[in-house]
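Down below are the structures I want you to see.
Each of the next two complexes has chain A plus one more chain, namely chain B in the first and chain C in the second.
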Partner chain A sequence: MKLRDSLVQHNSIVLQGHANTWQEAVALGTQRLETAGVVTPAYYDAILANVAELGPYFLLAPGLAMPHARPEYGVLQNGFALVTLKEPVRFGHADNDPVDLLITLAAVDARAHNEVGLMQVITLFDQADSFEQLRACRTVDDVLRVLDQTH
Partner chain B sequence: MSTVRVLSVCGCGQGSSMIMKLKIGQFLTSQKVDHKMHSCAVSEAKAEFASYDIVVAAEQLAANIAAPQGKYVIGVRNMLSAADFGPKLMEVINAHFPGALKA
Partner chain C sequence: MHSETFVFTDEAGLHTRPAASLVQLARTLKAEILLQRAGKSAPATNLIKLMGLGIVQGDEVTILAEGEDAADAVRQVRELFGVTHG
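What follows is the complex of A and B.
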(Lines of atoms letter the chains of each structure in order from A and count residues from 1; the text may use other names and numbers.)
(Lines give C-alpha, C1' and ligand atoms only; values in the text may rest on other atoms or scores of the structure.)
Protein backbone atom coordinates (compact mmCIF):
# COMPACT_ATOMS: atom_id res chain seq x y z
CA MET A 1 0.00 0.00 0.00
CA LYS A 2 1.17 3.48 -0.80
CA LEU A 3 2.16 5.67 2.11
CA ARG A 4 0.13 8.72 1.10
CA ASP A 5 -3.00 6.73 0.21
CA SER A 6 -2.99 4.97 3.56
CA LEU A 7 -2.46 8.17 5.56
CA VAL A 8 -5.44 9.80 3.83
CA GLN A 9 -7.72 6.76 3.75
CA HIS A 10 -7.05 5.75 7.36
CA ASN A 11 -6.98 9.29 8.74
CA SER A 12 -3.73 8.31 10.38
CA ILE A 13 -1.69 11.49 10.63
CA VAL A 14 -1.06 12.91 14.13
CA LEU A 15 0.82 16.20 14.25
CA GLN A 16 2.56 17.72 17.26
CA GLY A 17 1.28 14.91 19.46
CA HIS A 18 2.05 14.78 23.15
CA ALA A 19 3.70 11.73 24.71
CA ASN A 20 5.42 11.37 28.05
CA THR A 21 7.02 8.05 27.13
CA TRP A 22 7.94 6.15 24.00
CA GLN A 23 5.05 3.80 24.71
CA GLU A 24 2.62 6.71 24.58
CA ALA A 25 4.27 7.88 21.36
CA VAL A 26 3.79 4.45 19.76
CA ALA A 27 0.15 4.43 20.93
CA LEU A 28 -0.60 7.70 19.12
CA GLY A 29 -0.02 5.90 15.83
CA THR A 30 -1.48 2.49 16.66
CA GLN A 31 -4.69 4.06 18.05
CA ARG A 32 -5.33 5.75 14.71
CA LEU A 33 -4.79 2.44 12.95
CA GLU A 34 -7.14 0.69 15.39
CA THR A 35 -9.85 3.26 14.75
CA ALA A 36 -9.41 2.77 11.01
CA GLY A 37 -9.72 -1.01 11.33
CA VAL A 38 -6.13 -1.60 10.20
CA VAL A 39 -4.97 -3.35 13.39
CA THR A 40 -6.48 -4.71 16.61
CA PRO A 41 -5.29 -3.58 20.07
CA ALA A 42 -3.06 -6.69 20.13
CA TYR A 43 -0.72 -4.93 17.70
CA TYR A 44 0.32 -2.28 20.21
CA ASP A 45 0.92 -4.95 22.84
CA ALA A 46 3.06 -6.95 20.41
CA ILE A 47 5.24 -3.93 19.61
CA LEU A 48 5.87 -3.34 23.31
CA ALA A 49 6.60 -7.02 23.92
CA ASN A 50 9.07 -7.09 21.02
CA VAL A 51 10.92 -4.05 22.33
CA ALA A 52 11.09 -5.65 25.77
CA GLU A 53 12.68 -8.72 24.20
CA LEU A 54 14.86 -7.24 21.45
CA GLY A 55 15.34 -3.58 22.26
CA PRO A 56 14.13 -0.76 20.01
CA TYR A 57 14.84 -2.51 16.70
CA PHE A 58 12.76 -0.13 14.60
CA LEU A 59 14.70 3.10 15.06
CA LEU A 60 15.73 3.72 11.47
CA ALA A 61 17.70 6.92 11.76
CA PRO A 62 18.34 9.72 14.26
CA GLY A 63 14.93 11.03 15.32
CA LEU A 64 12.92 8.52 13.29
CA ALA A 65 11.16 5.34 14.46
CA MET A 66 9.08 2.87 12.46
CA PRO A 67 7.11 0.90 15.07
CA HIS A 68 5.81 -2.43 13.78
CA ALA A 69 5.32 -6.07 14.75
CA ARG A 70 4.57 -9.24 12.85
CA PRO A 71 1.33 -9.59 10.90
CA GLU A 72 -0.10 -12.36 13.05
CA TYR A 73 -0.39 -9.94 15.98
CA GLY A 74 -3.56 -8.22 14.94
CA VAL A 75 -2.88 -6.80 11.48
CA LEU A 76 -6.14 -6.67 9.51
CA GLN A 77 -4.94 -4.73 6.49
CA ASN A 78 -1.86 -2.91 5.20
CA GLY A 79 -1.41 0.61 6.43
CA PHE A 80 0.76 3.39 7.78
CA ALA A 81 0.40 6.09 10.42
CA LEU A 82 2.57 9.18 10.67
CA VAL A 83 3.13 10.87 14.03
CA THR A 84 5.13 13.96 14.89
CA LEU A 85 5.73 14.88 18.52
CA LYS A 86 5.88 18.27 20.13
CA GLU A 87 8.54 17.01 22.54
CA PRO A 88 10.73 14.05 21.57
CA VAL A 89 10.81 10.79 23.54
CA ARG A 90 13.68 8.40 24.24
CA PHE A 91 13.60 4.69 23.37
CA GLY A 92 16.91 3.85 25.01
CA HIS A 93 18.74 3.60 21.67
CA ALA A 94 22.45 4.33 21.57
CA ASP A 95 22.44 6.27 18.30
CA ASN A 96 18.99 7.38 17.22
CA ASP A 97 17.39 8.91 20.34
CA PRO A 98 15.62 11.28 20.83
CA VAL A 99 12.72 10.53 18.50
CA ASP A 100 10.00 12.90 17.35
CA LEU A 101 8.99 11.30 14.05
CA LEU A 102 7.20 7.94 13.92
CA ILE A 103 5.95 6.05 10.90
CA THR A 104 3.85 3.17 12.20
CA LEU A 105 3.79 0.24 9.82
CA ALA A 106 1.17 -2.52 9.60
CA ALA A 107 1.58 -5.22 6.99
CA VAL A 108 -0.54 -8.32 6.45
CA ASP A 109 2.30 -10.52 5.31
CA ALA A 110 6.04 -10.58 5.75
CA ARG A 111 6.92 -11.40 2.16
CA ALA A 112 6.40 -9.00 -0.73
CA HIS A 113 4.46 -6.98 1.84
CA ASN A 114 4.72 -3.25 1.72
CA GLU A 115 7.75 -2.89 -0.50
CA VAL A 116 6.10 -0.07 -2.40
CA GLY A 117 5.23 1.80 0.79
CA LEU A 118 8.62 1.12 2.36
CA MET A 119 10.36 2.33 -0.78
CA GLN A 120 8.37 5.54 -0.40
CA VAL A 121 9.55 5.88 3.19
CA ILE A 122 13.13 5.52 1.95
CA THR A 123 12.60 8.02 -0.86
CA LEU A 124 10.99 10.49 1.52
CA PHE A 125 13.91 10.45 3.94
CA ASP A 126 16.55 10.34 1.21
CA GLN A 127 16.02 14.07 1.26
CA ALA A 128 17.61 15.22 4.47
CA ASP A 129 15.29 18.22 4.75
CA SER A 130 12.22 15.94 4.90
CA PHE A 131 12.88 15.52 8.62
CA GLU A 132 12.63 19.27 9.23
CA GLN A 133 9.76 19.69 6.80
CA LEU A 134 7.66 17.07 8.59
CA ARG A 135 8.48 18.59 11.96
CA ALA A 136 7.19 21.92 10.67
CA CYS A 137 3.89 20.47 9.43
CA ARG A 138 0.77 21.69 11.27
CA THR A 139 -1.97 20.37 9.00
CA VAL A 140 -2.64 17.17 7.08
CA ASP A 141 -2.37 19.18 3.87
CA ASP A 142 1.13 20.30 4.93
CA VAL A 143 2.13 16.63 5.21
CA LEU A 144 0.61 15.70 1.89
CA ARG A 145 2.49 18.56 0.23
CA VAL A 146 5.78 17.24 1.65
CA LEU A 147 4.94 13.73 0.43
CA ASP A 148 3.94 14.97 -3.01
CA GLN A 149 7.25 16.79 -3.42
CA THR A 150 9.21 13.61 -2.96
CA HIS A 151 7.24 11.09 -5.01
CA MET B 1 32.45 -12.51 -11.43
CA SER B 2 30.59 -13.72 -8.40
CA THR B 3 27.59 -12.56 -6.44
CA VAL B 4 27.87 -11.35 -2.86
CA ARG B 5 24.88 -12.50 -0.82
CA VAL B 6 23.66 -10.08 1.83
CA LEU B 7 21.07 -10.87 4.51
CA SER B 8 19.44 -8.02 6.44
CA VAL B 9 18.05 -8.92 9.84
CA CYS B 10 15.76 -7.18 12.30
CA GLY B 11 13.63 -7.97 15.32
CA CYS B 12 10.64 -9.27 13.44
CA GLY B 13 11.80 -9.72 9.88
CA GLN B 14 9.68 -7.26 8.06
CA GLY B 15 9.96 -3.57 8.78
CA SER B 16 13.52 -2.54 9.49
CA SER B 17 15.09 -5.52 7.73
CA MET B 18 13.04 -4.80 4.59
CA ILE B 19 14.05 -1.14 4.74
CA MET B 20 17.69 -2.25 4.90
CA LYS B 21 17.18 -4.76 2.11
CA LEU B 22 15.79 -2.07 -0.19
CA LYS B 23 18.22 0.65 0.86
CA ILE B 24 21.36 -1.50 0.77
CA GLY B 25 20.26 -3.09 -2.50
CA GLN B 26 19.98 0.40 -4.00
CA PHE B 27 23.43 1.28 -2.69
CA LEU B 28 25.12 -1.89 -3.98
CA THR B 29 23.55 -1.39 -7.40
CA SER B 30 24.93 2.17 -7.47
CA GLN B 31 28.35 0.80 -6.54
CA LYS B 32 28.12 -1.78 -9.33
CA VAL B 33 28.36 -4.68 -6.89
CA ASP B 34 26.82 -7.93 -8.12
CA HIS B 35 24.59 -8.83 -5.17
CA LYS B 36 21.60 -10.73 -3.90
CA MET B 37 19.60 -9.39 -0.94
CA HIS B 38 17.23 -11.11 1.43
CA SER B 39 15.67 -10.09 4.75
CA CYS B 40 14.48 -12.07 7.75
CA ALA B 41 13.87 -12.00 11.50
CA VAL B 42 16.78 -12.44 13.86
CA SER B 43 15.25 -15.71 15.05
CA GLU B 44 15.61 -17.07 11.50
CA ALA B 45 19.06 -15.63 10.84
CA LYS B 46 21.06 -18.56 12.18
CA ALA B 47 19.38 -21.01 9.83
CA GLU B 48 19.82 -18.61 6.90
CA PHE B 49 23.45 -17.77 7.58
CA ALA B 50 24.85 -20.66 5.53
CA SER B 51 23.30 -19.20 2.36
CA TYR B 52 24.71 -15.68 2.81
CA ASP B 53 28.11 -13.98 2.96
CA ILE B 54 27.29 -10.85 4.93
CA VAL B 55 24.66 -10.19 7.57
CA VAL B 56 23.60 -6.61 8.32
CA ALA B 57 21.57 -5.60 11.35
CA ALA B 58 21.04 -2.66 13.68
CA GLU B 59 24.19 -2.18 15.72
CA GLN B 60 22.79 -3.49 19.00
CA LEU B 61 21.34 -6.57 17.30
CA ALA B 62 24.54 -7.15 15.29
CA ALA B 63 26.54 -7.23 18.51
CA ASN B 64 24.66 -10.40 19.47
CA ILE B 65 25.12 -12.22 16.17
CA ALA B 66 28.18 -14.43 15.98
CA ALA B 67 29.70 -14.72 12.52
CA PRO B 68 30.77 -18.22 11.45
CA GLN B 69 34.14 -18.48 9.74
CA GLY B 70 34.21 -16.77 6.35
CA LYS B 71 31.02 -14.79 7.10
CA TYR B 72 30.78 -11.16 8.15
CA VAL B 73 28.38 -9.25 10.39
CA ILE B 74 27.96 -5.51 9.91
CA GLY B 75 26.22 -3.25 12.42
CA VAL B 76 24.16 -0.37 11.05
CA ARG B 77 23.35 2.78 13.00
CA ASN B 78 21.41 4.79 10.46
CA MET B 79 19.50 2.44 8.15
CA LEU B 80 18.58 5.25 5.79
CA SER B 81 22.09 6.60 5.28
CA ALA B 82 24.56 5.07 2.85
CA ALA B 83 27.17 7.26 4.54
CA ASP B 84 26.69 5.06 7.61
CA PHE B 85 26.61 1.51 6.26
CA GLY B 86 28.27 2.09 2.87
CA PRO B 87 31.94 2.33 3.89
CA LYS B 88 31.67 -0.64 6.29
CA LEU B 89 29.99 -2.75 3.64
CA MET B 90 32.41 -1.82 0.85
CA GLU B 91 35.38 -2.50 3.10
CA VAL B 92 34.23 -6.09 3.60
CA ILE B 93 33.32 -6.54 -0.06
CA ASN B 94 36.62 -5.12 -1.32
CA ALA B 95 38.63 -7.27 1.08
CA HIS B 96 36.74 -10.54 0.86
CA PHE B 97 34.41 -10.53 -2.15
CA PRO B 98 36.27 -8.58 -4.85
CA GLY B 99 34.76 -10.89 -7.48
CA ALA B 100 31.41 -9.18 -6.95
CA LEU B 101 32.74 -5.83 -8.16
CA LYS B 102 31.73 -5.26 -11.75
CA ALA B 103 34.41 -3.80 -13.95
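What follows is the complex of A and C.
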Protein backbone atom coordinates (compact mmCIF):
# COMPACT_ATOMS: atom_id res chain seq x y z
CA MET A 1 0.00 0.00 0.00
CA LYS A 2 1.18 3.48 -0.81
CA LEU A 3 1.85 5.84 2.06
CA ARG A 4 -0.18 8.59 0.43
CA ASP A 5 -3.16 6.34 -0.30
CA SER A 6 -3.22 4.93 3.22
CA LEU A 7 -3.14 8.38 4.83
CA VAL A 8 -6.15 9.44 2.74
CA GLN A 9 -8.11 6.20 2.96
CA HIS A 10 -7.54 5.71 6.68
CA ASN A 11 -7.96 9.39 7.58
CA SER A 12 -4.72 9.04 9.50
CA ILE A 13 -3.06 12.44 9.33
CA VAL A 14 -2.89 14.50 12.54
CA LEU A 15 -1.30 17.93 12.15
CA GLN A 16 -0.04 20.13 14.98
CA GLY A 17 -1.32 17.61 17.50
CA HIS A 18 -0.94 18.01 21.23
CA ALA A 19 0.78 15.42 23.39
CA ASN A 20 2.15 15.74 26.91
CA THR A 21 4.21 12.57 26.68
CA TRP A 22 5.68 10.36 23.98
CA GLN A 23 3.02 7.77 24.81
CA GLU A 24 0.29 10.30 24.01
CA ALA A 25 2.10 11.20 20.81
CA VAL A 26 2.17 7.54 19.73
CA ALA A 27 -1.53 7.23 20.60
CA LEU A 28 -2.45 10.11 18.27
CA GLY A 29 -1.38 7.91 15.36
CA THR A 30 -2.51 4.51 16.58
CA GLN A 31 -5.98 5.82 17.49
CA ARG A 32 -6.53 6.89 13.90
CA LEU A 33 -5.41 3.47 12.73
CA GLU A 34 -7.75 1.76 15.21
CA THR A 35 -10.68 3.85 14.00
CA ALA A 36 -9.85 2.93 10.41
CA GLY A 37 -9.69 -0.77 11.23
CA VAL A 38 -5.98 -1.02 10.45
CA VAL A 39 -4.93 -2.18 13.93
CA THR A 40 -6.54 -3.31 17.17
CA PRO A 41 -5.80 -1.56 20.50
CA ALA A 42 -3.20 -4.27 21.12
CA TYR A 43 -0.91 -2.51 18.64
CA TYR A 44 -0.47 0.56 20.82
CA ASP A 45 0.28 -1.65 23.82
CA ALA A 46 2.85 -3.60 21.80
CA ILE A 47 4.64 -0.40 20.72
CA LEU A 48 4.89 0.70 24.35
CA ALA A 49 6.11 -2.75 25.38
CA ASN A 50 8.76 -2.59 22.62
CA VAL A 51 10.10 0.68 23.94
CA ALA A 52 10.08 -0.64 27.50
CA GLU A 53 12.09 -3.67 26.42
CA LEU A 54 14.38 -2.28 23.71
CA GLY A 55 14.43 1.47 24.17
CA PRO A 56 13.25 4.01 21.58
CA TYR A 57 15.15 2.38 18.70
CA PHE A 58 12.60 3.58 16.14
CA LEU A 59 13.73 7.20 16.37
CA LEU A 60 15.20 7.31 12.89
CA ALA A 61 16.67 10.80 12.86
CA PRO A 62 16.56 13.96 14.96
CA GLY A 63 12.89 14.82 15.44
CA LEU A 64 11.52 11.71 13.73
CA ALA A 65 9.95 8.57 15.20
CA MET A 66 8.54 5.57 13.36
CA PRO A 67 6.47 3.72 15.99
CA HIS A 68 5.72 0.14 14.99
CA ALA A 69 5.41 -3.35 16.39
CA ARG A 70 5.26 -6.85 14.98
CA PRO A 71 2.40 -7.85 12.68
CA GLU A 72 0.98 -10.39 15.15
CA TYR A 73 0.19 -7.65 17.67
CA GLY A 74 -3.09 -6.57 16.22
CA VAL A 75 -2.32 -5.58 12.63
CA LEU A 76 -5.42 -6.14 10.48
CA GLN A 77 -4.20 -4.49 7.28
CA ASN A 78 -1.25 -2.46 6.00
CA GLY A 79 -1.35 1.22 6.83
CA PHE A 80 0.38 4.36 8.00
CA ALA A 81 -0.40 7.32 10.21
CA LEU A 82 1.39 10.67 10.10
CA VAL A 83 1.46 12.91 13.15
CA THR A 84 3.08 16.29 13.58
CA LEU A 85 3.20 17.89 17.01
CA LYS A 86 2.88 21.52 17.96
CA GLU A 87 5.24 20.92 20.88
CA PRO A 88 7.78 18.11 20.63
CA VAL A 89 8.00 15.23 23.10
CA ARG A 90 11.01 13.34 24.44
CA PHE A 91 11.45 9.59 24.18
CA GLY A 92 14.71 9.43 26.10
CA HIS A 93 16.95 8.95 23.06
CA ALA A 94 20.56 10.10 23.18
CA ASP A 95 20.65 11.64 19.71
CA ASN A 96 17.20 12.08 18.21
CA ASP A 97 15.10 13.81 20.87
CA PRO A 98 12.97 15.92 20.85
CA VAL A 99 10.45 14.46 18.40
CA ASP A 100 7.69 16.31 16.56
CA LEU A 101 7.23 14.01 13.55
CA LEU A 102 5.82 10.50 13.87
CA ILE A 103 5.04 8.02 11.14
CA THR A 104 3.26 5.00 12.54
CA LEU A 105 3.75 1.91 10.44
CA ALA A 106 1.50 -1.15 10.52
CA ALA A 107 2.22 -4.11 8.27
CA VAL A 108 0.58 -7.51 8.07
CA ASP A 109 3.87 -9.37 7.59
CA ALA A 110 7.61 -8.80 7.57
CA ARG A 111 7.75 -8.51 3.82
CA ALA A 112 5.12 -5.78 3.69
CA HIS A 113 6.89 -4.04 6.54
CA ASN A 114 10.27 -3.97 4.84
CA GLU A 115 9.57 -3.73 1.18
CA VAL A 116 6.40 -1.69 1.14
CA GLY A 117 6.28 0.23 4.39
CA LEU A 118 9.76 0.92 5.51
CA MET A 119 11.21 1.84 2.15
CA GLN A 120 8.53 4.49 1.55
CA VAL A 121 9.30 6.09 4.90
CA ILE A 122 13.02 5.92 4.27
CA THR A 123 12.69 7.35 0.76
CA LEU A 124 10.64 10.25 2.11
CA PHE A 125 13.03 11.14 4.92
CA ASP A 126 16.20 10.47 2.95
CA GLN A 127 15.42 13.91 1.54
CA ALA A 128 16.38 16.39 4.23
CA ASP A 129 13.75 18.89 3.01
CA SER A 130 10.92 16.54 3.97
CA PHE A 131 11.31 17.28 7.67
CA GLU A 132 10.71 21.02 7.40
CA GLN A 133 8.09 20.62 4.68
CA LEU A 134 5.99 18.27 6.80
CA ARG A 135 6.38 20.43 9.90
CA ALA A 136 5.02 23.35 7.90
CA CYS A 137 1.89 21.45 6.78
CA ARG A 138 -1.42 22.72 8.14
CA THR A 139 -3.88 20.80 5.96
CA VAL A 140 -4.13 17.29 4.57
CA ASP A 141 -3.70 18.75 1.10
CA ASP A 142 -0.41 20.31 2.21
CA VAL A 143 0.80 16.85 3.24
CA LEU A 144 -0.29 15.24 0.00
CA ARG A 145 1.53 17.92 -1.97
CA VAL A 146 4.75 17.14 -0.06
CA LEU A 147 4.32 13.42 -0.61
CA ASP A 148 3.56 13.84 -4.29
CA GLN A 149 6.82 15.72 -4.77
CA THR A 150 8.92 13.09 -3.09
CA HIS A 151 8.96 9.54 -4.36
CA MET B 1 41.16 1.05 4.99
CA HIS B 2 39.91 -2.25 6.38
CA SER B 3 37.05 -4.10 4.81
CA GLU B 4 35.19 -7.34 5.01
CA THR B 5 32.38 -8.78 2.94
CA PHE B 6 29.81 -11.15 4.35
CA VAL B 7 26.42 -12.58 3.43
CA PHE B 8 23.56 -11.07 5.39
CA THR B 9 21.75 -13.94 7.09
CA ASP B 10 18.96 -12.34 9.17
CA GLU B 11 15.75 -13.36 7.46
CA ALA B 12 14.15 -10.01 8.30
CA GLY B 13 16.88 -8.09 6.45
CA LEU B 14 18.52 -5.03 7.97
CA HIS B 15 15.45 -3.83 9.85
CA THR B 16 15.14 -0.93 12.24
CA ARG B 17 16.40 -2.48 15.46
CA PRO B 18 19.69 -4.00 14.23
CA ALA B 19 20.34 -0.90 12.13
CA ALA B 20 19.82 1.27 15.22
CA SER B 21 22.21 -0.98 17.14
CA LEU B 22 24.81 -0.46 14.44
CA VAL B 23 24.39 3.31 14.68
CA GLN B 24 24.87 3.13 18.44
CA LEU B 25 27.99 1.02 18.03
CA ALA B 26 29.42 3.20 15.26
CA ARG B 27 29.05 6.28 17.44
CA THR B 28 31.28 4.71 20.08
CA LEU B 29 34.05 3.83 17.58
CA LYS B 30 36.71 6.22 16.36
CA ALA B 31 36.95 4.75 12.86
CA GLU B 32 34.71 5.98 10.04
CA ILE B 33 32.53 3.05 9.07
CA LEU B 34 30.56 2.52 5.88
CA LEU B 35 28.21 -0.29 4.96
CA GLN B 36 28.03 -1.16 1.29
CA ARG B 37 25.58 -3.18 -0.77
CA ALA B 38 25.37 -3.42 -4.56
CA GLY B 39 27.64 -0.44 -5.10
CA LYS B 40 25.65 1.80 -2.74
CA SER B 41 27.15 2.81 0.57
CA ALA B 42 25.90 4.44 3.77
CA PRO B 43 27.65 5.82 6.83
CA ALA B 44 27.10 3.50 9.80
CA THR B 45 26.11 6.52 11.90
CA ASN B 46 23.12 7.41 9.69
CA LEU B 47 20.10 5.19 10.33
CA ILE B 48 18.03 6.43 7.41
CA LYS B 49 20.87 5.97 4.91
CA LEU B 50 21.62 2.52 6.33
CA MET B 51 18.04 1.40 5.95
CA GLY B 52 17.95 2.94 2.50
CA LEU B 53 20.45 0.31 1.40
CA GLY B 54 17.53 -2.12 1.41
CA ILE B 55 19.60 -5.01 2.70
CA VAL B 56 17.70 -8.31 2.66
CA GLN B 57 18.63 -11.86 3.58
CA GLY B 58 21.24 -13.29 1.23
CA ASP B 59 22.73 -9.94 0.19
CA GLU B 60 26.48 -9.52 0.08
CA VAL B 61 27.34 -6.67 2.41
CA THR B 62 30.74 -5.03 2.83
CA ILE B 63 31.90 -3.29 5.98
CA LEU B 64 34.50 -0.57 5.31
CA ALA B 65 36.38 1.15 8.09
CA GLU B 66 39.03 3.82 8.00
CA GLY B 67 40.97 5.56 10.73
CA GLU B 68 41.89 4.69 14.26
CA ASP B 69 41.20 1.09 15.29
CA ALA B 70 39.67 0.35 11.87
CA ALA B 71 40.42 -3.37 12.00
CA ASP B 72 38.79 -3.64 15.41
CA ALA B 73 35.82 -1.62 14.17
CA VAL B 74 35.26 -4.08 11.32
CA ARG B 75 35.41 -6.97 13.78
CA GLN B 76 32.88 -5.35 16.12
CA VAL B 77 30.43 -4.63 13.31
CA ARG B 78 30.80 -8.17 12.02
CA GLU B 79 30.08 -9.56 15.48
CA LEU B 80 27.03 -7.32 15.82
CA PHE B 81 25.59 -9.02 12.74
CA GLY B 82 26.45 -12.42 14.14
CA VAL B 83 29.08 -13.23 11.53
CA THR B 84 31.50 -15.51 13.31
CA HIS B 85 34.09 -16.11 10.62
CA GLY B 86 35.70 -13.81 8.11
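Methods note: the second predicted complex is superposed on the first by the 147 of 151 C-alpha atoms of A that agree within 3 Å, B and C clash if a C-alpha of one lies under 4 Å from a C-alpha of the other, contacts with A are read in each partner's own complex, and residues count from 1 in each chain.
Note that in this section contacts are C-beta pairs under 8 Å (C-beta built on N, C-alpha and C of every residue); 3 or more make two chains touch, one makes a residue touch a chain.
Given the structure is predicted, the values throughout are model-derived calculations rather than measurements.
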Room on chain A for both chain B and chain C (clash or fit): clash
Contact breadth on chain A, by residue count: chain C or chain B: B
Chain B versus chain C as contact partner of A:41, first or second or both or neither: neither
First (chain B), second (chain C), both or neither touched by A:122: both
First, second, both or neither for A:107, with chain B first and chain C second: first
First (chain B), second (chain C), both or neither touched by A:57: both
Residues of chain A that lie at the interface with chain B and also at the interface with chain C: 54, 57-58, 60-61, 66, 68, 95, 110, 113-114, 118-119, 122, 125-126
Contacting residues of chain A [partner chain B, same complex]: 50, 53-55, 57-62, 64, 66, 68-71, 93-96, 105, 107, 110, 113-115, 118-119, 121-122, 125-126
Chain A - residues contacting chain C, complex: 54, 57-58, 60-61, 66, 68, 95, 110, 113-114, 118-119, 122-123, 125-126
Complex contacts: residues of chain B adjacent to chain A: 10-16, 18-19, 22-23, 26, 41-42, 58-61, 77-81
Interfacial residue positions of chain C with respect to chain A in the complex: 11-13, 15-17, 20-21, 27, 47-49, 51-52, 54, 56
